[in-house]
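Written below as structure tokens is the structure these notes are about.
The first chain written gets the first letter, and so on, giving A, B, C and D; residue counts start at 1 in each chain.
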Amino acid sequence: MSGNSFGTLYCVSSFGESHGPAYGGIVDGCPPGLPLSADDLQKELDRRKPGSSRHVTQRRESDKVEILSGVYDGRTTGTAIGFLIRNEDQRSKDYAAIADKFRPGHADYTYWRKYGIRDPRGGGRASARETVVRVAAGAIAKKWLQERYGVVIGGYLAQLGPIAIAFKTWQAVDANPFFAANEEVVKKLEAFMDELRESGDSCGARVTVVAQGVPAGWGEPVYGRLDADIAGAMMSINAVKGVEIGAGFAAIEQKGSEHGDEMTPQGFVGNNNGGVLGGISTGQDVTVSLALKPTSSIRLPRRTIDLRGHPATIETTGRHDPCVGIRATPIAEAMLACVLMDHALRHRAQCGDVALPPR
Amino acid sequence: MSGNSFGTLYCVSSFGESHGPAYGGIVDGCPPGLPLSADDLQKELDRRKPGSSRHVTQRRESDKVEILSGVYDGRTTGTAIGFLIRNEDQRSKDYAAIADKFRPGHADYTYWRKYGIRDPRGGGRASARETVVRVAAGAIAKKWLQERYGVVIGGYLAQLGPIAIAFKTWQAVDANPFFAANEEVVKKLEAFMDELRESGDSCGARVTVVAQGVPAGWGEPVYGRLDADIAGAMMSINAVKGVEIGAGFAAIEQKGSEHGDEMTPQGFVGNNNGGVLGGISTGQDVTVSLALKPTSSIRLPRRTIDLRGHPATIETTGRHDPCVGIRATPIAEAMLACVLMDHALRHRAQCGDVALPPR
Amino acid sequence: MSGNSFGTLYCVSSFGESHGPAYGGIVDGCPPGLPLSADDLQKELDRRKPGSSRHVTQRRESDKVEILSGVYDGRTTGTAIGFLIRNEDQRSKDYAAIADKFRPGHADYTYWRKYGIRDPRGGGRASARETVVRVAAGAIAKKWLQERYGVVIGGYLAQLGPIAIAFKTWQAVDANPFFAANEEVVKKLEAFMDELRESGDSCGARVTVVAQGVPAGWGEPVYGRLDADIAGAMMSINAVKGVEIGAGFAAIEQKGSEHGDEMTPQGFVGNNNGGVLGGISTGQDVTVSLALKPTSSIRLPRRTIDLRGHPATIETTGRHDPCVGIRATPIAEAMLACVLMDHALRHRAQCGDVALPPR
Amino acid sequence: MSGNSFGTLYCVSSFGESHGPAYGGIVDGCPPGLPLSADDLQKELDRRKPGSSRHVTQRRESDKVEILSGVYDGRTTGTAIGFLIRNEDQRSKDYAAIADKFRPGHADYTYWRKYGIRDPRGGGRASARETVVRVAAGAIAKKWLQERYGVVIGGYLAQLGPIAIAFKTWQAVDANPFFAANEEVVKKLEAFMDELRESGDSCGARVTVVAQGVPAGWGEPVYGRLDADIAGAMMSINAVKGVEIGAGFAAIEQKGSEHGDEMTPQGFVGNNNGGVLGGISTGQDVTVSLALKPTSSIRLPRRTIDLRGHPATIETTGRHDPCVGIRATPIAEAMLACVLMDHALRHRAQCGDVALPPR
């Protein structure tokens, strides 16, 4: 398994660079018979699309997806699903000025040290634009999980820089450009973002994702745990620096008598565990929280070095999200969907005929 | 790749249950020629051994390891390294009382729902005793990383329940039973633990692990990122509920001008990134922080259900760590070592002949 | 790892159907810095292209390949290489008559039994047209192996139905439409094929592939053997029913004193082993031989059943190769190249710093 | 996935050397609830045991297996099954004389070239004694396949050197030391072997394995084909130089009208395909045939070189099978069982809810 693929049975492979001709991917392992069209993918891609509000990058991409295989007569055939998204609005001249300098906080330096060569146009392979592939693959997983198991996956922006955003309703999420589950805070977020953009700086964010309806039993001991695979998938999203399941870091200060969710005939009392115990789903909501770092590309001047190691100053004036966390919600949902689908298939493989004794 | 194995090139497979005859594992992919003996593994196993102070489980296990293959004439041969650790102090009678009840916060319920069958003795496969395999595999990785690249991996307890433990010196870490990098706080920790144990409750902890000397260039885009693999490996450790790289969740409230580590000819200014940018090591310290939940097995009575779904009360009186985080330090070090070694080999495979232009 | 990908470090993923919009693939793990353009792939694709002589299918495909990622400024960047080959000459109406019958010797029946759904147009995913992806991926591997290690891979048609074709020269291979390493036999082959085509029947073939210049040491014990991976890769080619390494089935009747290649200071005496001992390359030529079954799509009427299980007769009148083995030579070369490259990288990962003592 | 493991969902990892303390393995992915004891493994291990007749190596090993995990209360729990087989009759002194010479036809030279170090005692990791692990893992797969799907796997010696052995009955196979499915030929085989042993030479063999009762639908396009995985698994067995599925190399000279198995409402007419079409099982018997080379360790003097490259002569006087093919039958059965079980699980994962329309 190489670095541009993930998943054991629901396997996603990805290619593409920010300023190359296209992004695309292959989803392998999808069960046959799922009704699927490009629209199913497009719907999710449109949610993460750039240029959809003044608070995100102004790059104009339709992110129009084409399905190239694996679907016949409106249904998946069980063979590899290939898809393609052409890049449209590459302005590579934007990057000429920075081709021989390393942008602080970016992968410029590490790619160069690893490969001895890098595509400097817009971050090349390291660009967050790669997440179109994840979102497309996640759209298929979301649809299958819902149709087959009734699993519903949703996410929301839980914090924007210093502003915590209380969860109110799922309905709110897609009704504002922030994926905030709370209409009341939107004005405050807009004011914050306008000021931030003007300052030439950027900020971090917290995104929370929840999967409802996950049956008990998905996941594997001891390395192939559901939570381990979720953590890996989430940390692989650009700019993510932390992942929590359930109570997360708050568990440090909890007592066992507080943290360990008691059980009653009506179910668990509380969900500190975030829907996973021993790496296996409990049947409760699977809850995951991510920390996203502030965008590294900012207008403010920063100290750096050039390819020869000489000191330099850099100001990044391309089109960038002042907070990459804003568009991260559909991406995190997609990654959670892919991991859950992978584990649904893995569980069915090993335990497909387990019959629990009647209570 | 199944759930009881991890790693792409430095591949660890594990077996064993808490009250079965033995734990063991296979390390595959270790380069040939590394001087290695059982002592190298034993040294690390002794650091996580139960019964080493009154603050951890009183189960008495020598955790004596036997190397069964892959070493000839004191050196690794490049073939699979098999090793075995016999269980000695199983008191399965301790568990008879709880065989038909689910312990809150434990994997009892999820294993039963997944497999329709479970080994109730001491948590079976879900027991944290499985980490002996990780520590043994990590000992080999640690040795190779140090001999081949000068990489040194260390960890420490950064917080015990409510008590934050400031880092002072690496020397302190192995001089107290808490892996605290700070001698002054030890008395306070002892008092806290004595009180906690007496109360029949448990607490969470934070462990920080650092790898020094990692060269720039290890890791892969875009799913096979070094930080993604670290996050997955850490979240697979029993009781871990959160993982941070570098600034972690603090990055949410940072500005881009604060978070993005500037570069000078003398190197990076700061390490908010935790030694990883774009999924690839920067050459700085790789810093990882884990949240461990409080031990689920506590003496205090808790509500639960039995196998038939009837309400029940449970008090767990076996021998348990009141804070599993205490013994987690060598485990987290081992997992970091395994992931780094895997990526060292993966990097050498793809980029073994990359020559950077002279500055 | 799912069914449409192969390789551990040089990893190839494939999608596409015979009558869908396109084939394509992702090559992941290619080292950076390799000079590469679409022409490098096109050159090999042109060798397997349909319609190149009257002895193969008359489907007209330019098989024009587009590289979509992973190459910058004429060199590989080390990131995923995506490529696309649009289908041009789909005549799906040819298949309307057979959509509800199973063609004997084809995957029609097994796909339907597996997936409950199938794309009947030209074999869908089971079409040998999928081998364009293999040939494209193999072209990259061939180039790297030659540039980095001087490895040269060549193949030839060793038998066409009953006609054994003695090896004469490598030069002959690309000078005739059969990949025969022997000009003298070409007229005989042409006459045989003309008669076969006229009869409405098809025939099998033997293809031999040789890799020259492979260094000693590639391959792994005990399941990851070089010969095991070659056998799996070759058997995955459409229509292959047998694989031999070195002496192959002739080894059954050999004595140990005849088969075991003796060694002298000048090297091995003979190559019964086909360049592999204990799963690891010896430094000799790696020699592989494949048996390809006769094309299943023939004009002669055959008994079959329809979707409801009723008896039926079928005559396949689409455009088909009367001997799929003819175009198999570049495909087999490609698969050998991919496996060798994968093992070259795996070897470098584990044994990159092995220094043999001076003799 | 490293070289000492195989399988995607039914995953086998192996360790051990011929003269080390033990062999062992881990079987991961076995479904829970399968009744299993060490006896199930022992029964198959006894079939491949050395020393069972004068025609095989006289090394005396009880090959007593111990199950260390994954079984509770007589049933598999779904977690990793660890097992151990101690070596008992190592006579390493036998090998002192050859420690600095390479045995022709052996892995001595290739291991040394790969690793720069090798365990010379009895072939170390390259010894065919490693197949104990395969047989143990295969025993579990065999049992599950039979209990769950009624699949029965059997093999027999089809040719011994120049003597073809016609199949008569399955009953005969375990009633003679050759696994010949034909009692009448046994005397002839004994006479041949006695003469061969006396001559100090060795011979090759053909083994045929058949799986009856395999449902249609197991296998995957296009690289993960059932036949591809079988070929890889078989070629990974020590001494195997060729693999055939169904008609195998005979398909070269067949016409399409002869090879392509026609279908009737009563099923397929013939089984040239060996139970696999398009990489997916047809529901017919899966038939596989292997070519095993003659044992490389022979008493007759052979030319070789020593570690310094100087010419030398070698006579191998340890205890060896004069025909490794004889004991290969249970090994080939085991490998087929493991691959089939892996694909049964993979199929269930992806297509577990496919419902075929009623005929």
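One rule holds for everything that comes next: a contact is a pair of C-beta atoms (placed from the backbone, for glycine too) under 8 Å apart; a residue touches a chain by one contact, two chains touch by 3 or more.
Predicted model only: the values in this text are computed from it and were never measured.
J.: For the chain pairs A-B and B-D, which is connected through the larger number of C-beta pairs in contact?
T.: Spelling it out, more C-beta pairs touch across A-B than across the other pair.
J.: Suppose chain centres are the mean of their C-alpha atoms. Which chain sits farthest from chain A?
T.: D
J.: Find the geometric centre of each of chain A and chain D from their Cα atoms only, then give the gap between the two centres in Å, rounded to an integer.
T.: Centre-to-centre distance between chain A and chain D: 45 Å.
J.: How many angstrom lie between the CA centroids of chain B and chain D, rounded to a whole number?
T.: Centre-to-centre distance between chain B and chain D: 38 Å.
J.: Using mean CA coordinates as chain centres, what's the gap between chain A and chain B in Å?
T.: Each chain's C-alpha centroid was found; their separation is 26 Å.
J.: Can you list every residue of chain A that touches 2 or more other chains, as numbers and ranges?
T.: Within chain A, the residues that touch at least two other chains are 1-5, 8-9, 14, 29, 32-33, 78-79, 114-116, 125, 221, 346, 351, 354.
J.: Hey, which residues of chain D end up touching chain C in the complex?
T.: Against chain C, chain D makes touches at 1-6, 8, 12, 14, 102, 104-107, 109-116, 125-126, 130, 159, 161-162, 201-206, 216-225, 227-236, 238, 241-265, 269, 272-274, 276-283, 291-298, 300, 302-305, 307-311, 325, 346-347, 351, 354-357, 359.
J.: For a test of understanding, state which residues of chain A touch chain D in their complex under the given definition.
T.: 1, 8-9, 29-33, 78-79, 148, 221, 345-346, 348-354
J.: Help me check something: in the complex, which residues belonging to chain C touch chain A?
T.: 1-5, 7-9, 11, 13-17, 20-26, 28-29, 32-33, 66, 68-70, 72-73, 75, 77-82, 84, 114-119, 124-125
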